[in-house]
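Note that subunit A is present in both complexes that follow, paired respectively with subunit B and with subunit C.
Let's look at the complex of A and B:
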């Protein structure tokens, strides 16, 4: 088990290095940050001098090596756009993104599991059919359309919820939270629903199909024959057996929630890492882009590792394998 | 019983409402909630020369010379000025002015600020590079000395904000941010100006709060009842408009023009507009011997003025105005705008007419009866509907036999093509911060101007452009400016399209003078 974790951590380092290398290669195509950093009046010489100062004239591999070297010491450079250290900027923005992802994940899991169980167990109920039909919306509509739609209804039409921002935040030892104020909760509702919708649908549909499968399995029939309570069969035996694919997918989806919160954050002007990244792309702000991509790779690696470890908890067969 | 409770409930609600009314503070604070597409990158007034940074700084910092709502130069921190000799400007400073931290403003600060703007790491040095020395005469008199006469000194100084010497020394910001350092400098998120507003809080990209500076020297000249400004940038166009429609913001200075009709249907909102100091035009490479992306080999069709004229006749600017710009543009016949010194309405309002037949005839005359192919380089995130304008142009040019391959890309990729002079046919927009033609001559019409990707220019024209830099006498200078424009209007190195229109959408209770450089001054704003 320990050696497994160590091996995985070692692999993760390689993954992150690869991500950094690829993203550095791609930065050759994002354009020239200089034209954003200086006014149109700036002379050619001044531009050249700034390029030199930023080290943009150095060969690609040298730039990459310097980035890795500094990053290992926790130094990701100064943002070209905001003129502040990248690690500070990301640390300031991370709470917003993680809170949004946290609330969305809870929404997705609760509604996904409840809806999946219901539609799986009572597949002919009219409510199940309604849920399945509406869930199509979740998979088929793009996130930004859903976001704009929600803004139009809840902010512009009925004025219940704000259309942008994070509301009032409270600073607790460097971690800003919006979850302790009324305006913060109001502000998180729409983006969290927008971000959760796709994941909810996905979890719901997986649980439903797994449930339908498992309920036909022999061990369920035997359990019924043994006269076990219906509740024990449904939630004790059946649900547990649907969990492996659900955990895998949910785990990966939490990674995507972080990575794809970019669109939701942009639509709702949510001050998280995603909107920081989008603005960095538009500005060709290489220090922020590189740090963000490496960080997201890190999140994915950690989440995958957690998922793998969760398998041990859920599936006794894996534990047996390790012992053998 | 039922009725009784209901009536009681209503009475209760009314009582409650009355209580709220009476409890309301007598002097409500007027808060101006402002949103635009993006935040200022830094608040350091010399670190970055971009519109949004200057807009943020002008609320908090003052310059020696300022502009009034009509763009005329008026005294700022300098009460008066005069030329002692052609190379020496003397400024008499306003007395009893204090910075936000209480430090007095005096000649030391002026000397310091101008030198700071000249620092290597300053992006404002282009405005002060003619200044060879700044001398303190006494506490309230300063002399600015140039090597050669500079006719636009005052226009340039409008952009140079005055900082407090002591404050800068105390916080180690005597020079603007250097990217080589690994530190954020103090002036990026803190300010200490003499201006109309003080910085209350700053969360970049999220929220910036400014509060009225009750001690501001300009209060009498510009009375405003705005007590506080809350500035929240909203990057997404649809969300920004939604925030205005839902009443969460009071003022947008960059609503997308396709949403203006929707905004105007709201009885609580209005849209003010004015012509912007930015003209959109196409540039032709008139210098290279062969175009980079064309089926014409061995020669450059754009060298022939008839080809450029043909392109001009082929563009139906009214169709672009109607279909692409939804009416929010002012077709142009010149690449400068009305408030700029050198502008002539008779040229601007007489574009070459839309006439595809004449265009074809001109092409045939030039030796291209079947047209040719060319690539149009176009930005897609810089100007109002930039890519859509280029797309419309592709169709219009197709009618005269020109096959255009459209290369639309973000400004970070588009602008290097222009500054690198690596484009055949391109879109560019140009604004003039100094309000004088000399600016556009230097960058776009001098043969080696840094943004002159057309390669246009002749030794005679260059000589004139250099000559006017040193002429202070307006009459003599304007005569030469007129000569230069006459030549340019005939040669068509740039095909003018339109002047952008600035439209600000706001609540009806707000009044704020809209100005052609698209920079709201919150100290001119008033709530009814």
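Let's look at the complex of A and C:
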């Protein structure tokens, strides 16, 4: 178990290094950073001096080492456009994105699991058929269309909810939260639904098909033949056996919630990391782009590690394999 | 009074191409302490009969006619809530594959105590003590230590013992063992059969042993029922049926078991195959493969007729009017 964790941590470190390398390459391949930083009138001498001062004449590996060293200390350089440290910009924007992702993930898991269980256990019920048909909408409609549709209905037509922004936020020790104000909650509803819809339908469909599969298993038949209560069979035996694939998919989906939030944040002008990234792309603001890339990769790595550890909690067979 | 008394049981499956009758007019009974073997090819309706008794027929299959009596009580069409209290408590079921019959995510102790506590009012400690006693009884060494083990930590034979312990949890009066030894290797098979026999002798449990293995039947059963295409072909004392089979199908079966010391060029077999449910001929379902088939065999299926030794009956027109066939 411990050796497994150490192995996985080592692998995670390699993945992060690879991502760092790619994002470092961004600096070198998306044009000359010097010409991005200085104006047209700058003389060749001034450019050379700046190049020397920024250490861009050093060998490639040395530069990369310095980039990683700084990144480990949370230093991603200075935004070209905003002329402020990237880490400060991201720290300002991160609470908005993480809150949005958190609320969406809760929505997706609650509705996905409940809906998946219902449609899996009562597959011939009319409500199951209705849920399965509508879930196709969630799978096939692009996020931005759903977002625009929701804005049109709930913000433009009936004026129930705001169409953009985070509402009022409260600052708690540097973390700005919108979850403590009414306007903050009102503002998060539409983007959270938009972001959660695809994930909900995906989790729902996976739980459903896993449940259908497990309900046919011999041990479920044997549990019924022993006269166990329906509730114990459905939730104790069947649901627990569907958890491994569900944890896998849910984990990866929380990763993509962070990644997908770019689109949702753009549609709802949500002041999170995603909209920061989109603006950075428009202005070729490479420090922000590469920091964002490293950060998203970091989230994915952490989530995957958590998923791997959860397997051990759920499945005793894996614990045995690692022991032996 | 017989523990299990089935009369005229019919099981049908409505399908798009019409109603298929999988079991027709099946009548049999099992006494306390008796092991009744049920033999037949795949698809003959052996397992369906077992499932029908415990009310676990896969829809759309259902019992259309007949009565199933358990200790005199009609359990044929009990509502699910009532049936659930009988399953596991009065009727224990053992399935074919011990490797997949146990939930991999729970310890065997958890699965045993869950079953016990579902049916009996006991404290957790009492249930645990009872579970350990059961494990001991089915021959699991060091049951206290194995109580907290997961199914994957057991061998196939040991898992089947755990499955039997689970079936025995609440002292059932009837055990339905559906191919309990098919997935096990031969030496383990013998141990499991010995265990089933001992339990039925010592506890007076009536056992329905469903299998396609004649060797298992000869070893374990007191009486045997041969099923062909959903109908009882022959029933009787195990020695009479094996040594002096009366139904042409049973005869064919027995002839096709090679004997040690016999030097055969060609293994005798029954020509043809059992008809599909939707392609069953009129009259006796065996008539296309039967060398003795008469005119009436194509018109009407034969009832069970006394033939051979006492209590031995065969569903064959050959024995009508006391006629002797071989």
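The working rule: the second predicted complex is superposed on the first by the 278 of 324 C-alpha atoms of A that agree within 3 Å, B and C clash if a C-alpha of one lies under 4 Å from a C-alpha of the other, contacts with A are read in each partner's own complex, and residues count from 1 in each chain.
Note that a contact is a pair of C-beta atoms (placed from the backbone, for glycine too) under 8 Å apart; a residue touches a chain by one contact, two chains touch by 3 or more.
Quick caveat, the model's predicted, so the values are computed rather than measured.
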{"item": "Which superposed partner A:314 touches (first subunit B, second subunit C, both, neither)", "value": "second"}
{"item": "Partner chain(s) touched by A:279 [first = subunit B, second = subunit C, both, neither]", "value": "first"}
{"item": "Contacts of A:237 with subunit B and subunit C, given as first, second, both or neither", "value": "second"}
{"item": "Touched partner set for A:218, first subunit B, second subunit C, both or neither", "value": "second"}
{"item": "Partner chain in contact with A:94 - subunit B first, subunit C second, else both or neither", "value": "neither"}
{"item": "Subunit B versus subunit C, judged by how many residues of subunit A each one touches", "value": "B"}
{"item": "First (subunit B), second (subunit C), both or neither touched by A:21", "value": "neither"}
{"item": "Partner chain(s) touched by A:114 [first = subunit B, second = subunit C, both, neither]", "value": "neither"}
{"item": "Subunit B versus subunit C as contact partner of A:229, first or second or both or neither", "value": "second"}
{"item": "Set intersection of subunit A contacts, subunit C complex versus subunit B complex", "value": "none"}
{"item": "Footprint of subunit A on subunit B - complex, ascending", "value": "38, 41-42, 44, 47-50, 120, 123, 125-127, 177-185, 188-189, 203-207, 232-236, 238-240, 242-243, 245-248, 381, 409-413, 415-416, 419, 430, 433, 439, 443, 450-451"}
{"item": "Complex contact set, residues of subunit A against subunit C", "value": "217-219, 221-230, 232, 236-237, 240-241, 314-317, 320"}
{"item": "Residues of subunit C touching subunit A in the complex", "value": "54, 56, 84-89, 92-93, 95, 97, 100-107, 114-115, 118-119, 150, 152-153, 163, 166-167, 169"}
{"item": "Subunit B-facing residues of subunit A, complex", "value": "30-33, 35-44, 46-47, 49-50, 53-54, 75, 77-78, 80-85, 88, 148, 151-152, 155-156, 159, 162-166, 266-269, 271, 275-276, 278-279, 282-284"}
